[in-house]
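Questions regarding the structure given below will be posed in turn.
Going by the order they are written in, the chains are A, B, C, D, E and F; count residues from 1 in each one.
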């Protein structure tokens, strides 16, 4: 009857309120915004929770209805928020203005002074990290403050020491820091990472890697002694190197309603399947299917069921199901 | 000054409340649904009414605001609801979650225990069927209950006996019954059908027909002595066999906003034109144009005018009309 | 690190989807409905969870997005749904048409054939009931089916036997059953009830009690050997008899936005405080404050914090807080 | 099987599109408007249709989607639109800005050049007027143009000659014409009126009557030889004089959501009951109940059922009905 | 043809984005927020601009769509934004949760780190202040930072020296600073103030004044040598002391939709009339009428015309105007 | 400190209220419309204002909230409305029904009797035209009435005489007048035009020109002695002839949300850049980029910043910017 003492996945990072305007609308003139909760680390936790695992999200929040909203949003999808209370600081916010060519979707961050930026290991219930099967953090977290860069380092180390499988997604955000600073801060973290995920574009631009995706993956795996390196390639899918083997995975075509969160859905789907005992190859395919579903769904979160992912894998979808 | 004593078309079936969520939204998390009335038989009646004919819809409903809403929706478009009152049973409902690839649009039926499922010929004003020029029913009606299968049989027989032209659209729904049961129930009805409409996919999967669309149509026409058999082929258009002649009709390209009801719009447009004295070939083209317009319109119903259908036939459309 | 092995409160009952139209709008003509989850037993569990306790909700649901929506809504507020899966049956629905005088708010039930109606003790994880500190069920549950009346009986008995404090709120619904049947079914249950809650109007109309509220409470407490009987009196507050003592509690004035769920908020607030060790008198006041806040909030659920309830008790509210 | 050859009530007038902004919103800054159809004569026809009678509405409209919208809105409620087509002219529009004290609800007319303003008896199917049991027109119609004043005169005369009971509601609109012009135009019409309805305020201000409501009614009845004169008094109800007898009727209290259309609902309810054979006294009470329900409903139209009106008469309403 | 070289009124302060949820909705669970621009100093400038004066608003904003939105909102109402660009800092935001008793409307500030907090006189085009007829600032501005307290002091001094009439509204916000700090910071400013506005409640609680409103006003006028002191009393109206004379003004009753901004509307109406040459007494009445209109309008801003204010003064309002 | 005595651009024409229904919705059944202000001449003025110039818009409007809304919409974007008051006439309105193939977007004009149709030079502050650097008017203005055709002629002449650069966009609207009348009215105006803009389609259909776009431009430039002639070609871009030189400009690809106003955005962008001293070639490219952005934005107006236009020119767009 008791709940499990350890979560399959624990993540650590910032989750923001997302205010999005309707397609074609501009923030400058919109009368309404749609509110959702959004953040790489909670997105991944939600994907894992929805697809069969148990998940918790560590963070730090002030006492406010905005914070309660974020916690409620995570709980809705079965994720346990483990939140350090903060006397100071805000809840991070971002405004989303979706658009196609040539304007492109615009993200306006209003995340300065977020409470999470001061989170130290002492404040966080890091025992959840050590007890978890997987610990996930993205490169957004160390980008937010020096304190968070240190905390990220510490949490990765503690996880590694405790035998928790560590997963790091570089997730470079040009609006948060320069490529050079990102590299300086993140690359040293990779030594504590078991599964490294990086977009091919970021591997080139931030990490200064060259060669094709497989070569990049192999290089990173060797350099940092990572068990697995996944290089994501957007519409071209992903390539993974695991124990020296190369796995290629195409992307499933999708009619995109909201592209935000596609990468997190991929990682979340991958980890959900991997936590279920699947191979890297199977996990990649499951992640790609999950990612393609995400693109059909508004918001950062992949609100799907395992049977929906399986239907994509079985190619049973597309027409009206009635 | 008096209203016409007989309708051009009378249909019989279930009309549901349709709760649809916005594109990209999930039923699981949506805060709002849009309400409309929807049902193959009323969709066809509305199309005929809007395109120049007079139409009535026979059904059975409980006394509730949900039922009154459905009746009002039909009247809005000029269709006369002829409804047997029911002491028991619900108003059928369906939830619609529109999505593109790879998720696909999902229809969640909540139509169990609908009042119409117990409708017997005795309760219905079947004199409207006998007085009408056309009687239309789809394969969804007999799928709903054994009572309705019997009632459908009786109504088709009475129509046939009275000289009313009978139209049956197989309209197979996998969420309602198996292909085998559908065949067992429906194929015997075909002998009472003057114009049979069937999707090529259903002809193969449900009716076990082989060959191309024309061959299937010819085979069905011969086997069941139908005056006309129309095999619809989705984006490829339709093929009809009438008195041994084969008529092919392509589909008009459309930017689809809501695909639900396309088939009903095709049949409704076809019948409206046919009732107006047109040939099968002209009626097919008119039906195809009506169907293409439907795809640009939200909801199950083809809210168009005859001049809009004619503009499609004249290829006068596409740019901004100002 | 593990979750508590036992919940402070476990409830058992049906939670429905609530489709509400805007004030002034009619179901018959509304274009949109707002969706929420609603049910007496989950309302009470949510109130307890939000106000400091741990809570679980037992029920039975089919596998559908409507069911997942209900589970998600409960989790949002920290309540654990413990749901028996059902192969058959629907998710209950109700339509709400809010209105003032002389029309009055109208509730249209569409809850026939709900999966929960077939729930038996064997299917339910009743160990949660036995482990809980409080078990709550309302008179709506036994009204839904004979099976549920039996299951309610069994669960109350098991709770009682296990030392769980049992709470029963008569919550008479004229659209579900007659007063006579309600009395026949419910009154025998009272012997297994520790805290009985009943509206004064229902005490008179359903239970045929006479005298003032205090007399009714005393009579019920004596007859059924209840530890506490609370008689609620709407705008006049509530009267409780506990161990022979009478406690009166007025209602806090409220500008009502949505009155649905006020009674559940009262019971939830009462139990949250009582579970925290407060006296019956303190718990009554806390329940009354919680109920008054509910009236200012849309939906069935009392989305408040403990500090908001305390502000009402401290009369610190009313003006703009900025 | 044929529809009735004659309607219980036929009305003649303008129905407009109503664009309303939300309470608290200003037309000057609103981003959205809600669309409805609205007009005294169609409001009355709809009330009669919904409350048991058959009704038609005569008017003149251009060929446009705005016109089709109005026709559809009438049909929804069972009213038959009998519309003369117009090559020229607009569909009248009004903007509604609801507000309480001290601003007050503001109606901004945009109804110049409406097609109906040129409607002549020759264009209209006046045989419906002659065949009807009741012909209804309000003082708004002759206010719109000299042509309409003449047409109103002719239609009243033809109705009277044909034995149709004529009903005229003065319905003075200060934004359309001066009191003096209204009196000059309307008072001569009264001789052709069987039942005259006038607001006490208008009786004083427009018709220069003095004395209390009963005296005014008696005076008007005598002067113009009207069978019945009803003087409406807003929150104080109404007074009727019929065959020399005086009938007083109070107003039912109502929580007002939208006051527009209250007078039309009163007349519609009165006529529905009167058409059903009730006395003037009973009809007044039924009209008052209908009017009170209207105030709880958004839009100009009284979307109610006979049983809802009866519940008001039985005082069975007010609490939540569940 | 050139624009006026000097504005009637110049104000200086922060304007925020206001995210408000619907009545009955909670920030914690709302799916949508309504966006408006809001701030005491821009509210007053807008009121003056709409009621006949020319007005500019000085502030400091970052380069972002949120900032452009605020500037656009001011321009909409004819106010000229004179904005110092900022490389750092945010646009202040507040969340509004409207509610009646006992919850009360809640304002959640998210205005930390706003760019305006660093605004110095050197960055601002203070020549507008010196050229203006009136300079207005509220006590919110010095509450935001020490820099702003200094800047407020400097601007008031420069205005005074240039012969600009200075107006200061204490506008105490308990969520921004303590009463003691507010007093320490603001009271020294009063010596540079020609017209001082203070709520009676704040005069007592913040400024430690005693006696009735007239006594407080007289005391403040004497102590600080203010030409005019206006003590506002909410629903009881306002009292002013001007040149030793006492003027009392009642409040106009209002059906409140949104109370936020009522005080600013009062001051704006007062100043618009005063700028037009009216006496203090006339200006008070005009301000009271403007304030009562504000309560009927959603948002912080009093979107009215001079003729609407005059209609309130003439008591010509309340019924439907059609 | 004073505002500039002369505007970079002054335009003259009608601006309407635009009521648009959602994609897939029909005017006939829509419950809501979205309101915006829209008109070729104000669209161009707004584009110039937003992209760095100063702009005024001359027109004539009645005193109504609809008129104030239009003025406010222009001011929001920095355009000064210079409006002659009108005792009579309406505010023009249009209804927009967006749709793709085969229905096509439909514009339903409701602009008869607009106040602007009676605007004479005497009523307008034409000194703004004479003082401006550019005067812009489209062929829609002379289409609205003979008075406006005369006024357009006079304003172009006065501008020309005053040395203001005159710009005329033919902007043919088949729903307003025939091609023959348009040619008769507009072609004589060209002699007073410095920069003529015409769609290739209209050059052929209305002006009876033949040959390719460059030949048409050269022909028009020669015939009417225009400094510059721009022939727009939709998705193929535009061709300009200036001082005998030919400049070709392709269109930037765009994901279209709302195509209305694309041509105005092109002209506005072109003029903003040209006013900034750029060559015709540079201005064409800037106009094309502005036009492509417009297509991604709802409403008639190109709500962009100079840096967004520059990002299109630099091809820096398309992906998510975060």
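Note that a contact is a pair of C-beta atoms (placed from the backbone, for glycine too) under 8 Å apart; a residue touches a chain by one contact, two chains touch by 3 or more.
None of the values given here were measured: they were computed from a predicted structure.
As for how the two copies subunit A and subunit B face one another, under half of their interface residue numbers coincide.
Least-squares overlay of CA atoms from subunit A onto subunit F yields a rotation of 120° to the nearest 5. Per-chain Cα centroids separate subunit D from subunit E by 46 Å. Between the CA-based centres of subunit A and subunit C the separation comes to 39 Å, rounded to the whole angstrom.
Along subunit C, residues 26, 28-29, 31, 68, 72, 76 each make contact with two or more other chains.
Interface residues of subunit C, counted against subunit D in their complex, comprise 22-26, 28-29, 99-107, 109, 173-175, 259-260. The part of subunit B that touches subunit F in the complex is made up of residues 76, 252-255, 257-258, 289, 292-293, 296-298, 303, 308, 311-312, 317-322.
Partner subunit E is touched in their complex by these residues of subunit A: 19, 26-35, 64-66, 68-69, 72, 90-91, 93, 95, 97, 108, 110, 112-113.
Those residues of subunit A that touch subunit C in the complex are listed here as 1-6, 68, 72-73, 75-78, 125, 127-128, 131, 305.
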